[in-house]
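You will see two complexes here that share chain A, one where it goes with chain B and one where it goes with chain C.
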Partner chain A sequence: MLFKLLIYTFISGSIYCVIASGFSLVFGVANILNLAHGVYYMMAGYFLYTFFVTTQSMAVAIPLAILCTILFGLFSYFVICRVIDSPFKTLLATFAFGGAISEIIFIIYGVSTYGIPNIIEGSFLLSDVPVVKQAFVAALVALLVLAAFVFFLNKTDTGRAMKSVAQNVEVAKLTGININQVKLVTVTSAAFLASIAGVFYLPLQSLHPSIWMNITILSFVIVVLGGMGSLKGIAASYIIAFCEHATTLSFAEGSYIKNGVYLLLMIIILMMRPQGLFGKDLGPFEVRT
Partner chain B sequence: MSGKLGIPLSQKMKKISKRWGVLLFLQLGIPFVTDNPYYYKVLIIFYLYVIFAMSWDLIGGYLGIGSFGHALFFGLSAYTTAILNVKLHWPPLVNFPLSILCSVIIAFIVAKPTVRLKGHYLTLVTFAFPVIVTNIFFAFPDFFGADIGISGLSRLSRSRVVDFYIAFCATWGIYFILRGVIHSDTGLILRAIQSNEAAVISCGIDTSRIKLKMFILSGMFAGVAGFLYAHVIKIVEPSNLEVHMSMQPVVICILGGIGTLTGTFFGAMIVTIVNESLRVVEQYRNLIFYLLILVIVLFLPKGLKWYIDGVFHFLGSKLRGVTLARK
Partner chain C sequence: MRKKHHIFCLLVGMITLAFLAPLAEAQDAVRIGVVHNFTDLSGRSIKEGAVLAQEHMNKDGGIFVRERGKKVPVELFFANDGGKAQTSSSAVEKLCNSDKVDFLAGANGTELTLAQQEMAMDYKKIFLSSGAAGIQLWKNVEKNYSRYKYYFKYEPLDSLQLGEGMVEIGVGTAKAIAKQLNIPIKEVKAAFLAEHAEWAEPVVKMAQETFKKEGIDIVYVARPSRDATDLTTEVVEASRKGAKMIWACFSYEAGYAMVRQIYDLKLPLIATGYNSVAQDVAGYWKATAGKGIYSVSWTFVPPRIPLTPKTIPFYDAHVARWSHPPLTYRGNNQYNNMFILKEAIEKAGTLNADKLVPILEDLQYVGIMGTNKVDPKTHNSISGKGYLPNIGIQWIEGGKQEVIYPDYLKSSDITLPPALLKMKK
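Up next, the complex of A and B:
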């Protein structure tokens, strides 16, 4: 039972890691809490579905879906980066953007859920715990992409520019960094990271226009728990995954209340330790306790 | 409308605002004009939206606590009265204090951690509470009715004319109470907190306490709206406390201008008209609603009413051949 829980936690946690890292990055660099973040994940799934239906080939559909999601992220930058004057308006605009996109999806595809075929069929036993191959591969790909992204962030000029903007915008401007360009790259890479998770993990789940909300809630809980703006804090996604699977496996109603459980956890953490579990100092983010 | 610290309006603009108010009082005569149940329903819903939006405006507009979960108080009050009414057959009059009490308690629970936070965190916490409550509702489908909700509530009163007058009186009663609060010393403190909280604390005022009080007051009025809504619509659904419902007062307030009580009447009018006229294109209703939010936030940050009043003001000054400096 415990081993099963750990395996599931590893798989979901890795996926949540890659989703939440984009969310955290956009918040850190552009200071935008993007409530439309879940839409990237959802859009990746719908693009994949559409391209798979038209081309009947996963090898073509996956790169196309990722590319389209990146383009979508580019488009979203122009909507959500317009308002940065007040946190409330930013949240409102990003939420409305997400809602509008999900409504458009709803009009085009209807409310019915779609299943995307798996890339790799079948499952294997990991000491008598059945693991779906696709889920395992998705988790590995997610971790790989995340590692590559951290490398990009630390070793390339663009990545370092992103980090410097997150640390101090004024100083970054003084050193000649084009802030808007950096923000554009950030939002686009957030879309890319979410699309990786969507393309590999969504085939295991049902696709319908309201999934974006859960993903957004999940991302912000992870980011609050781990500490806003710290990339290390993304590890909190394993805690969330653990909570989620523990509630689902122990109660019959678990799947209904799992969101509630981790939101409650978030509220408690915010009250006890507003900088998050892994965050050291508050940095530029203003929280009064 | 134009407080000491609010956006200053010229005398002309004040007059225009008063004219909107007179127009609203004309609605008292509606029972003598028409007997169509549809109009009554729409009007009552309009008034409930106004109450709901005013309660949001108290904390969202004047205090700067932009809540994303205000439907929680609205929906919980509606659920309380629905359960008592349908399961125990208690009359609405008995349920009224109980459902308001329920809203007040939940407002206290929500406010306790919320008032200490700022910015994004604050909005996220208010956003989280309704999701938790909705999840609990879904976990016990027998008691809360899950997706379908609870239907078959009794009517508020015997005739719809009386219903209409109850909603009308409740709205204007709450309007004058809130107006009293905002024009009192407390109101001054509220606006001061929004502009500079540190300065208010340095004056020796316990801001957390005032925020808590205002939150509870706001939750109470949202509860009044929810209670009336439950008995007018006669069905209570989980959608009553979901985020889409929480967005309604926000949209109303940003349409009418955040931080103006009279603006809520204007905003609610637009939202009700949009909601009702889009019934023919039910599918596109939510999409248009979200696009409306986007357009207002991105392009009309001061609220639609501000621009419309400005146009009236401009026309008025043109007609007289004088150009008044618009502040």
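Up next, the complex of A and C:
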């Protein structure tokens, strides 16, 4: 029972990690609370579906879907982020952007739900626990990509520039860092990270224009729980995943109330530690200009 | 000067509108308001059913209204309730107040329809709902007839009536498993996966009692939300506890997750009961990427079999108009409801709601799925032999549906998935 719980927590938690990392990054570096974040995940799924139907080849569809999601991330940056000058307006604009894209998808693809075939079919037993191969691979890929991204942040000039902007935007400006360029790279990186989750994990679910909202809420909860703007904080993904699976296994109504359970957990943590589990105490809400 | 000019233009515009509005109202038409969440599958289905019925009626000139001495075309008005309780009644209010509809139809989800029922009764509008199954709706009519007499539910069956079908299909599946695996029925253990919703409560209770009576052990019960996207933990737990079948009760998207995850994990399980999405002849196979195979479900979407003389013509007309059969049962319900209304209006010769109530109470209408008739005291549909049937289908190889229940309609026996067949003794 515990082993099963740990396996499923590892799989879901790793996927949540890669999704939430983009959300956290965009908030930490660009100071944008991107409520359209789930749209990147959803768009990756629709791109994958479209390219797969067109080419009948996952080998072609996957890179194309990731590339298109990155371009979509760029587009989202130019549409909303550049023209918005206050965090509150950005919040509203990103939410509106998410809703608008979802409506456009409704118009293009209709209200039907679509299924994407798995890249790897079948399942295997991990010490008596049945695991879908695709889910396991998705979790591994998510962790690998995340590791590569952390390497990028620490070892490249662009990555270091992103960290500098996250720490102090004014000092970063003085050192000659192009802030807008850094923000642009950050938003597209978030789209890239979400696309990895979308491309590898969405085939296990069904594709529908309303899925973006749950993903956004999930990312938001993870980031608040872990600490706003703290990349380490995304480890809270595993806490959320553990809560979900443990609640499901413990009560008949478990999977109905699981969202409520992690939201309750978030409230409790915020009461005890307002900066989140891994966040620094920033004092009053900081507004950058 | 410029400001005065703007005010003058505004006044002219307002006066013109004031003159045009009564003209629009005076247009001779039977105005039917359709309320639903048009961004989901059942909403699309209701819209398609409504438009098809309108086209079929208007092709013949519309509905004959004796008091006007002529056939009157049908005009449709749509209001999106967004699938939310808080906007559901305002959608009906918009139809009654702004669109000035004569009748109301559509609606889905008991919680939403209850709110809409109140608003419709306030306006004394005949309201024929097409999608809600909760018993509270007709209980309102029974308890307070003078207020709720304008509400009718010819279709779908209520949750107790359709629950009987879902439970019988579940028991039938258990018997098929016992027979094909050569085991006694008490070894066919069942798990329950039923959405957490008002309509599902009496069905789940009924299923638990019936399964117990039939000697089928229920080894696991989970009540996920109706739009859950991941049910891995639940289906694995069901299998681990020895269940050979999952009796499901899903009216929304969670059904996709269940069948896909049973397939992906190659669990020795078969899903039965009710999986609303499995009724979608056009989209289910595509949405599950073929992984919905072997899934058994109660359905109220007509298969292309002659249940009544109207079934096949309707099925073919729907395919010709929309390039697919009805997406959910709400589509054929909506179509049927509009023709029931037409027949009642033609009998009564008027659009007056109070005069139509007794006509609708007496009406016996041969529809798409069977004979429609309501109980005059509750305005609830009558089910059973001679009225509306419960039908069970199974998805098989190649994305086809077979009718597996009831015996007098069935085209095939239940096919068990290979992982389950391996357990044959």
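The rule is short, and it goes like this: the second predicted complex is superposed on the first by the 275 of 289 C-alpha atoms of A that agree within 3 Å, B and C clash if a C-alpha of one lies under 4 Å from a C-alpha of the other, contacts with A are read in each partner's own complex, and residues count from 1 in each chain.
Here is the rule we use: contacts are C-beta pairs under 8 Å (C-beta built on N, C-alpha and C of every residue); 3 or more make two chains touch, one makes a residue touch a chain.
What you are looking at is a predicted structure, and each value in this text was computed from that prediction instead of being measured.
Participant: Sticking to the clash and touch definitions up top, decide whether chain B and chain C on chain A clash or fit.
Facilitator: clash
Participant: Answer with first, second, both or neither: which of chain B and chain C does A:Pro130 touch in the superposed model?
Facilitator: A:Pro130: touches chain C, not chain B.
Participant: Looking at A:Phe51 after the superposition, I want to know if it touches chain B, chain C, both of them or none. Which is it: first, second, both, neither?
Facilitator: Neither chain B nor chain C is touched by A:Phe51.
Participant: Does the superposition put A:Ile211 against chain B (first), chain C (second), both, or neither?
Facilitator: In the superposition, A:Ile211 contacts chain C only.
Participant: With both complexes overlaid on chain A, does A:Ile107 touch chain B (first), chain C (second), both or neither?
Facilitator: In the superposed model, A:Ile107 contacts chain B only, not chain C.
Participant: Where does A:Glu253 make contact in the superposed view: on chain B (first), on chain C (second), on both, or on neither?
Facilitator: Both partners, chain B and chain C.
Participant: In the superposed arrangement, which partner chain does A:Gly115 touch: chain B (first), chain C (second), both, or neither?
Facilitator: A:Gly115: touches chain C, not chain B.
Participant: Please indicate which partner A:Met271 is in contact with in the superposed arrangement: first for chain B, second for chain C, both, or neither.
Facilitator: first
Participant: Who does A:Phe72 touch here: chain B (first), chain C (second), both, or neither?
Facilitator: Touch partners of A:Phe72: none, neither chain B nor chain C.
Participant: Which residues would you name on chain A as touching chain B in one complex and chain C in the other?
Facilitator: After superposing on chain A, chain A residues 106, 253, 256, 259 contact both chain B and chain C.
Participant: Using the touch rule from the top, collect the residues of chain B that touch chain A in their complex.
Facilitator: Residues 60, 66, 68, 113, 116-121, 123-125, 128-129, 131-132, 135-136, 138-140, 243-244, 247, 250, 254, 283-284, 286-287, 289-291, 293-294, 297-298, 301.
Participant: Applying the document's contact rule, which stretches of chain A touch chain C when the two form their complex?
Facilitator: Checking each residue of chain A against chain C gives 4, 8, 12, 106, 110-118, 121-123, 129-132, 134-135, 203-206, 208-211, 214, 245, 248-249, 252-256, 259.
Participant: Flag every residue of chain A that touches chain B in the complex, lowest number first.
Facilitator: 27, 33, 79, 82-83, 85, 87-89, 91-93, 95-97, 99-100, 103-104, 106-107, 213, 217, 220, 224, 228, 253, 256-260, 263-264, 266-267, 270-271, 274, 285-289
Participant: Show which residues of chain C lie in contact with chain A when the two form their complex.
Facilitator: The contact residues of chain C facing chain A are 39-41, 43-44, 196, 221-225, 228-234, 236-237, 239, 253, 256-257, 260-261, 264-267, 277, 283, 286-291.
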